[in-house]
Each structure stands twice: as C-alpha cells, then as structure tokens.
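Consider the two complexes below, in which subunit A is the common component and subunit B and subunit C are the respective partners.
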Partner chain A sequence: MLTVDGLGVRAGDLELVREVSFGIGPGERVGLIGESGSGKSLTALALMGLLPDGVTASGTARLGGRDLVGVPERRLKDLRGRTVSMVFQEPMTALNPLMRVGAQVAEVMTLHGVAAGRARERAAELLGRVRLPDPERIARSYPHQLSGGQRQRVMLAIALANEPDLLICDEPTTALDVTVQKQMLELIAEVAPALLFITHDLAVVASLCERVLVMYGGRVVESGPLREVFKHPRHRYTEGLLAASRLPPRGTRLATIPGSVPAAGRFPGGCVFRDRCAHATETCETAPELTAPELTAPDLTGPEPRGDGHAFACWHPRR
Partner chain B sequence: MIVYLLKRLAVLLASVAAAGVAVFAFMAVLPGDPAEIALGVNATPEAVADLRARFGTDRPPVTQFLDWFGGLVHGDFGTSYVTSSPIGPQIADRFGVTVVLVLGGMVVALLVAVPAGTYAAVHHRDPVGAAISAVSQVGIAVPAFLAGILLVFVFAVKAQALPSGGYVPIADDPAEWLRSLLLPWLSLGLVQGAVLTRYVRSAVLDVMREDYLRTARAKGRGRMGALWRHGLRNASIPVVTVLGLQLATLLIGAVVVERVFVIPGLGDLLLNGVAGRDLLLVQGVVMVLVAAVLLINFVVDVCYAALDPRLRGAR
Partner chain C sequence: MPSPAGTPDADPVRASAGAPAADRAGGPAGEPLIEVRDLTRVYRRPRTSLTRPGEAVHALKGVSLTVHRGERFGIVGESGSGKSTLLRLLCALDRPTSGSVTFAGREVAGLPERSLRFLRRSLQIVFQDPMSSLDPRMRVRDLVAEPLVALGEPVGDRVAELLDAVGLPASAAERYPHQFSGGQRQRIAIARALAPRPEVLVADEPVSALDVSVRGQILNLLADLADELGLTLVFVSHDLAVVRHLCETVAVVHDGLIVETGPVDDVWEAPGHPYTRALLAAVPTLEGML
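Right, the complex of A and B next:
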C-alpha cells in the first residue's frame, strides 16, 4: 500500500537521508528505530510533505497509487489529514492553546469536506473512541486543561478523524509517563490502520510492531520481521542497539555502542557505521547494499532463515 | 473571567486614586503660590491672604485634595486661578481632539505594521522581507515631529495637497476635518508603525516555529492557511502588549505633534497651562493623561483575557 523507493532528504549540500526503501501493507504495523539523529523523523516528515524550509526530499513514495514526494503542496494538502496522518512527539505544544479541543478535532474534518455540524458531533465521538472520559466536556476544554496523555489522545483523535490509510507516529509516547505510555500504545495498536511507528525505544517496537526498520546515518541498515531482527540481528549496529537495551546482570557494566552519533553530514563514507564498529575493515570503505543474507554474506555458514525479507547492509554481519 | 475582570477593575481604580495623590502632591510641592502669581510682585500681604481664602489654597492640603479629587469624580476640575473659567469643559473639548489624533495614528500604525510585519516574517529569507526589516529600522530612528515636518514639506509645501496645520472640527466640515488630520495621523502612525512592524515580524516568526502550526499543516492546511487560522491570534498576544505601551507613548508624544500641526489638543492645552502658570489646569491635564494611560493598561489586560483562555481561569 505504501511503497517508498530510494527516498532521500537533503538540506543544501548535506545529505541527511539516503536511499531509504520499504513498504507497508494494509493493516501492517512497522517500527522505525534508531538513535536520535539517524534520520527517522526526517523520513516521516518527508512522507508527510512537512520538511522544514530549505530541506528537500527526492526519490519516490506512493500511497495507494498517489505520489507523496515531488508533488506540489496543493495536492499534498488534500492527502494530509485524510489519507495519511501523523501524531507528533510533543503533546504539550502540538495543540493550539487558544482553541477549544473539540474545534481542533472538528477542523481536520471540515478541511476535508465534512459539514461543520456533522464534524462537531463526530469530534465528540472520536474523543470517546480514544477513550477520553466525558468526551463532551473534553471537547469544550482548552488544551491547558488537559494532561499530556489526554492531549496525545486528542492528537490521535485528530489523526484518525478522516479514517486515513496510514498513520505515522513519531515517538508519540516518549514524553508520557510509563503507565500512560502503555495505555497509549494499546490504543494505537487497536485503532491504527497501517502504522509507521518511530521510536528509539526497542521495547515499544517489540510490543507493537510486526516488522522493523533499523536506521543509522540516514540509511536503513537492517530490516525484517520483528522476531527475526530482534532474535538474530545481522547488522553490527542493530546488534549494539539490542545489547544496549538489555538490562545487564547486577554488577556488570551496561553495554553501549562506542562513540556517539556524528552530526549530520559527518558520517564516514562507505558503511556509515564503520567508525564505531569493532568489526570494520577496509572493505567497509565501500558502502554495502541492503540485501537479503544469502546474497551478501559470503562468510555465512550454518542454517539461516530464508525468504522472510530479513535484509541488512553489512560486510561483516553477525552470524 | 468575571473574577479576573473585577480584580483588574479594582487595580485600575486603586491606581487612579494613587495617581491622584501623586499628581496633587507633586503640584503642591512645586514652588509658586497661585495667589502670589495672580497678584504679581507688588501685592500687599492682605490682598494675597484674601485671594488665598477665595481660591481655597489656605486650607490644609488634605482638605484641598479631597475637594479636588472629589470634584474629578463628577467631572469638575475646578476653576482656573488665572482665567477664572471652569477647567473641566476645556479639558473635555481638547481631550476629544487628542483621542482622535492618537487613535487615528494607531490605526495608521496597525495598517502599516500588520501586513508589513507578517510579510517580512513569512518571507524572512527573501530580499523583500529583509528590506522591510531595514526600512522599519530606519523608521524607528526618526522622531515623529521630524516625520511631521518632512510630510508637511512634501504634501503641503511641494504638492499643496493638504493643509500644513490647523484643525477644523468635524461638525463644521467633515471633509476638511479629515484633510486637517491626515498629515498628523501619518506622522504619528508611520513612526509607530515602523516600531510595531518589528514586533509583529518577530511575533509571527515565533509563532511560525510553533508545533501547533505543524499540526495544522498535518491536518491539511496550507502554509498561509495554518498561519491565518492558528497563528495570527497567538501572535497578537505579544503585539497587544506593545500596542498598549505605544498608545501611552502616543498620548504623551501627541504634545509635540500637536505643536507642529497647530492642533488644539490636550498637549496644546498643557503647554499653554505651563506657560501661563495655570497650576490647577496643568494638574487637571496631567491627571487626565495619567488616568488615560492607566485605562489603556486595563484595556490591555482585558484583551489578554479575551485572547488567551489560560488567563481566564487561572487568576
């Protein structure tokens, strides 16, 4: 349904996202993970056509037969909020402080052709659907009268209002309490059509998604079914990420990935991870392709799962 | 909302009362006795004492204050020691002219600043946006009276299109009234508009970076649609603050512009009062100006509450 092919994002001479390709089927829930600065949010904003000024996208992305990249703003406007919706990271500032919540939910419907009266009724229904107590009262409230979790539910109600084909969530629970976070994730899992879920929290991905894309340095370095990637990570970056997220036994040091994510444009040529990778050799100065294991792993031995779409871009993958 | 307004109203009334005490006290400690001024240097002490009794200035200051301030409440500003005519009607006449002058200037400022500032913010990367910022910078450096003189030179002396000064009451001839006020409005408004343009620009720039604008675009609004529907009201909150300060500045600054254009406003009356050592008149005019500034602040507070729901419930 969503097909992304060779998506690139750049700001002037700086290449921020490169050659990102993936697909999301109807009803499929895909996680996009990676450290801060790996290009996850830019990928999402590129799909929404909401990149900041001076930042441009290239490549193709098609959703249900319609192009999302390289299309004039006038056409994208029609898709945003109707065919594809997005929930952002920061619920406290994402709503207009001067406007009643109900009006902000109704707005997304009137913008796409629903009559005002009907939109008002639907707004209250939607607020109930995201399990806000007393939706009529919430609709009359202003954002400052709601908690962060409640505001994020409002954002979700706005995103779902026109029954979009694809919901994009950019770290929607990062700013919330852990307990609220859990409820919110359950709700997203329940109501989302196809989902692209961006996070750096691997546990969240594990509880929510069927497939996962690992991004680093603006590229997808590994992708595949969640179980497969989490159980048998092949890329050395994924391996490090998973090790770092595991709680070590008491008294031992927390596993980390050496070094830190370079600033945009400061990633090494060839494999973007090679300056932080213990397995890097001269081969890694050439960029590895993202391909299925049996094709790119000459040093691979032993039985491997096949045909499940588990792909990675690494010259020296974990066995 | 009601509670907020009542509190603000209480603050306004208390401030006006305090201002009354301050203005009265200030005028009282100024050297110069009205009776001595009126009778000149050759007056006998008996005549001075007699006149003091008539003016009521021989009474204790507190009594004088209560008498004066109590009168103000009923619109009675007392009788001039110099001209023996009641002060209230004079102030009322002149105040109307000044209010028209100031409000007109403010309207000109808004008409300049809101479109120019918004345009400069939306196009802040383009040369035109930068040019607007540069021009507004120059405008800030020009005092209103200089702008007035330049405008008179261009429109009255060179083009002979508008009168260089004078004032025609609206009741006499509405068209002439408008013509007589155009240049004063422009000279007050253009300078204040330049200042205001910078504030509008920065307020709109701030709002453009807000997350809720991105939310609006994610809903399917265009760039300008999002700014119009969700940005302008938010941006107007800081602008209202500046607007209040500017109105107060204009009210006081009108004194000079009234001189340049020979307009019989409150500033003109104040200067006449000072020149004629008409203490009670000066006291009355200053009181009116101070009260007007306090009233402006009150109106600004009310505007905040009307614009921002966060203020209504909280206090």
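Right, the complex of A and C next:
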C-alpha cells in the first residue's frame, strides 16, 4: 500500500537520509527505531511533505497509487490529513491553545470538504472513539484544560478524522506517564489503519509492531519481522541497542554503545556505524549494501522486494 | 491532574498511615542520614473569586521516609504524584506546610537560606534536562567550578579532576554546553554536582532525556561514582526498572503518599499495593514482549 523506494533527504550539501526503502501493507504496523539524530523523524516528515525550508526529499514514495514525494504543495494539501496523517510527540505545541478542542478536530474535516455541521457532530464521535470520557464536554475545552494523555488522544482523533489509509506516529507516548502510555498504545493498535510508528524505545515497538526498521546515520541498517530482528539481530548497531535496553540486576554493568550519535554530516564514510563498532575493520570503509531479504517463513513471498524478510547492512554481522 | 482511568486508587488505610520507610525490614547497615517525618505540602491555586481563597492542592499528604548513609534510594512516581514536591523539600528548595526533614540530625525544613550552607555543601542535585540546567553562556570550567566559588572554596585543579572522574577530556573545560551531546552534558552536570564533595547526590530523572545507548553510560557512571566516593544516592524516576537496576531501596509515591516502600527486589517481585502492580504492568519490557 505504501511503497517507499530510495528515499533521500538533503539540506544543501548535507545528506541527512539516504536510500531508505520499505513498504507497509494494509493493516500492518511497522516500527521505525533508532537514536535521536538517526533520521527517523526526517523520514516521516518527508512522507508527510512537511520538511522545513531548505531541506529537500528525493526518491519515490507512493501511497495507494499517489505520489508523496516531489509533488507540488497544492496536491499534497489534499492528501495530508486525509490519506496520510501524523501524531506528533508534543501534544501541547501541536494543538492550538486558543481554539476549543472540538473545533480543532472539526477543522481538519471542513478543510477536506466536510460540511461544518456534520464535522461538528463527527468531532464529538471521534473524541468518544479515542475513549475520552464525556466527549461533548472535552470538545468544549481548551487544550490547557486537558492532561497530557488527554491531549494526545485529541491529536489521535484529529489524525483519524478523515479515515486516513496510513497513520504516522512520531514518539507519541514519550512525554506520557507509563500507565497512560500503555492505554495510548493499546488505543493506537486498535484504531490505526496502517501504522508507521517512530520511537527510540525498543520495548514500546516490541509491544506494538509486527515489523521493524532500524535506522542509524540516515540509513536503514536492518529491517525485518520484529521477533526475528529482536531475537536474532544481525547488524552490530541493532545488537548494541538491544543490549543497552536490557537492565541487568544491580551490581552488574549495563551494556553500552561507546561514544554518542555524531551530528549530521559527521558520520564516517563507508559503514556509518564503524566509529562506534567494536567489530569494524578496513572492509567497513566501504559502505555495505542492505542484503537481499532472507525469507524467514515460507508464506512470506510477497511482491515487495524488501518487504517481509530480514535484511541488514553490515560487513561483520552477528553470528 | 486526575489519575488515569483504570488505575486502582491508593488504598487509603495502608497509605495514609505515613508508615516509616523500613516497612519491609532489612534496611542497609548505615545510620539514618535523611529523615522525613509526616511531611505535608499544600499549594493554593490562584483565587478565582473575591470572596473565597483559591482551591487547596494537597501535593503531599503526610510522607515519612529514611535514607541511610551510603544507601541508594529510589523514588518512583508519575507526574502529579508529588515526587517533585518531595524532592524539593528534601533539598530545602521549598518549605513544607507541616512535618520535618532532618539531615544528619539537623532540621532542614523551613530554615532560611543563610542557615542552609551545610546542606548546600553536603547535598547536590542533578536535574533531568542538562540543556536547561546548564547556563549556555558559561564555559564548562566555570559551570563545574561555580558550586566551589559559591561556597568560597579554592578551585585549584578540581575542575580537571572532576572532568576526568566523569569521563570527559580536560579540553572540555574551555567549551560551552551546546558543543556537547545530551549524554556529555549530563556528565558535566554530574561533575558540577560533585564539585563540593557532597555526601548525597540527588538525581531527578537524570536519564529520561537520553537515548538508550547513552542511558547505560550515565547509569554505569552514577553507580561507579557512588561506589568510589561512598555517595548516598537519591534517585528519582518514573521507571521502576531503572530504579531496580541502580537502587537498593525504593519508595513508590502516588497521589501525595508513599504507597509502598522497601527493598527494591521485594517490591519488584511481590508488589503489595495495587498502584505498584499497575505501574509494573504498564512498563513494557523487551523480555515480556518477545
């Protein structure tokens, strides 16, 4: 349904995202993981046509037969919020503080041609659908009168208003308490038509997604079915992330990845991870290609070239 | 903020008693260093009517706990639980409505700032967001030396010594906070906190803003420093799993009360309070999911 092929993002001479290719089928939930600065959010913004000025996208992304990259804003406006919509991390800054919540949900429908009265009715329905208590009262509230979790539900209601084909969530639960996060994740799993879920939290992605893409230095370094990737990671970066996510008993050392994510443009040539990798050799000065996906189950032979199998870009993969 | 729907409410009988921290017995050997007794704090909302005072918010409703010397004490709670209020009172950054906080036997609650020099020297804080807790216009050298200067102590080679202790190169001293990554900035904040050789290091969500690979580096650093320097650690977090990795004792704060406290492994294995159980069930873990 969504097919992304060779997506790149640049700011002038600086290459920020390179050769990102993946697909999402109807009803599928795909996680996009990596640390801050790895290019996850830029990938999502490129799909939404929301890249900041001076930052441009190349490659192709097609959703239900329509192009998302390289088309004029006039065409994108029609798709954004209708065919594909997004929930952002910080619900306080994403909502208009001067507008009642119900009006903000209705607005996204009137912008796409729904009559005002009908949009108002549906706004209350949607607020109920994201399980906000007393939707009529919430619709009359301003964002500051709601808690963080409630605001994020409003964002979700806005994103779902026009029944999009694809929902993109960028760290939607990072600012929330764990008990609220759990409810929000369950809700997203229930209502999302097809999902691209961006997070740095591996446990969150494991609780929600079926397939996962691991990004580092603007590239997809590993991708595949979630269980397969998390149980048998091949790329050394994925291995490091998984090890660092496990909290061993007290008194034992936590596994870490040495150093930190370089600033954009400071990643080494060749394999982007080689300056933090214990297994790096001279070979790694040449950039490794993403391997052809290994099919892990016999029934996973779809038309997608990099769809269902486990692929990685590493010269010295684990095992 | 109202508690999220579906969260079991605190059991008032068990919770309101303000039971002392050593509920579950078997505390560590050191003598009590910080003792909190029946602490309450009531805030007033701004008034909305001329004739009535603003609504009262009971942020803390009678909290008691004991932190022993050399102990690693975790405080776990969600936003609105009162854990930040508790922390501010522990550090004498705010005055309680009633109750007492003693540090090494000396009353701290309600003292004027000029009488708190001993506490400012002995207890230092690392905040959650190293971007907003470090003055962007000061060089790292001055940031790290500032607590010493404020206490009128000689700086000498202490800055280089501290940078080395937190794993930063000596050349970092001449640079500004924005030139460092999040994890490095948190190292600077830790170096700064350690400058006056405190006995107690209070860390308020020090790894929440960090990436997972860097989180491990900072947690390892805190554990090493606590061992080497014999620090008492008060570690505030929303994540019981992180607290379990680092701390021996935990207090779970909910709705202005400590609902459960004791050795962290006991609380983890057999949570006694419905809120602790809800909290544990809500934390996604890799092991649980795969």
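Just so we're on the same page, the second predicted complex is superposed on the first by the 302 of 319 C-alpha atoms of A that agree within 3 Å, B and C clash if a C-alpha of one lies under 4 Å from a C-alpha of the other, contacts with A are read in each partner's own complex, and residues count from 1 in each chain.
Simple rule for what comes next: contacts are C-beta pairs under 8 Å (C-beta built on N, C-alpha and C of every residue); 3 or more make two chains touch, one makes a residue touch a chain.
As the structure is a computational prediction, the values presented were derived from the model and not from experiment.
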(Q) Please determine, from the superposition on subunit A, whether subunit B and subunit C clash or fit. (A) fit
**Q.** In the superposition, subunit B vs subunit C on subunit A residues touched
**A.** C
Q) Given the superposition on chain A, what is the angle at the CA centre of subunit A with arms to the CA centres of subunit B and subunit C, as a multiple of 10 degrees? A) 70
Q.
Per the contact definition in the header, classify A:Glu282: touching subunit B only (first), subunit C only (second), both, or neither.
A. neither
Q. Between subunit B (first) and subunit C (second), which, if any, makes contact with A:Asp13: first, second, both or neither?
A. neither
Q: Examine A:Arg250 and indicate which partner it touches, taking first as subunit B and second as subunit C; both and neither are also allowed.
A: second
Q.
Output check: A:Ser260 vs subunit B and subunit C. Expected answer is one of first, second, both, neither. What do you get?
A. second
Q.
With both complexes overlaid on chain A, does A:Glu35 touch subunit B (first), subunit C (second), both or neither?
A. second
Q. Taking the superposition as given, does A:Pro97 touch the first partner, subunit B, the second, subunit C, both, or neither?
A. first
Q. Of the partners subunit B and subunit C, which touch A:Glu163 in the superposed model: first, second, both, neither?
A. neither
Q. For A:Gln181, is the partner it touches subunit B (first), subunit C (second), both, or none of the two (neither)?
A. second
Q. For the overlay built on chain A, what is the smallest gap between any CA atom of subunit B and any CA atom of subunit C, in Å?
A. 6
Q.
With the touch criterion stated at the top, can you tell me which subunit A residues are shared between the subunit B interface and the subunit C interface?
A. none
**Q.** For the subunit A and subunit B complex, residues of the former touching the latter
**A.** 48, 50, 53-54, 73-74, 77-82, 85-86, 88, 90, 93-99, 107-108, 111-112, 142, 144-145, 155, 158
Q: Provide the residue numbers of subunit C that touch subunit A in the complex, in ascending order.
A: 1-2, 4-7, 78-79, 181-184, 211-217, 219-220, 238-239, 241-242, 244-248, 264, 278-279, 281-290
(Q) So in the complex, the part of subunit B that touches subunit A is made up of which residues? (A) 125, 210-212, 214-223, 229-230, 233-234, 307-310, 313
**Q.** Contact footprint of subunit C on subunit A as seen in their complex
**A.** 35-36, 133, 147-149, 177-183, 185, 200-204, 206-207, 227, 230-231, 240-242, 244-250, 253-257, 260-261
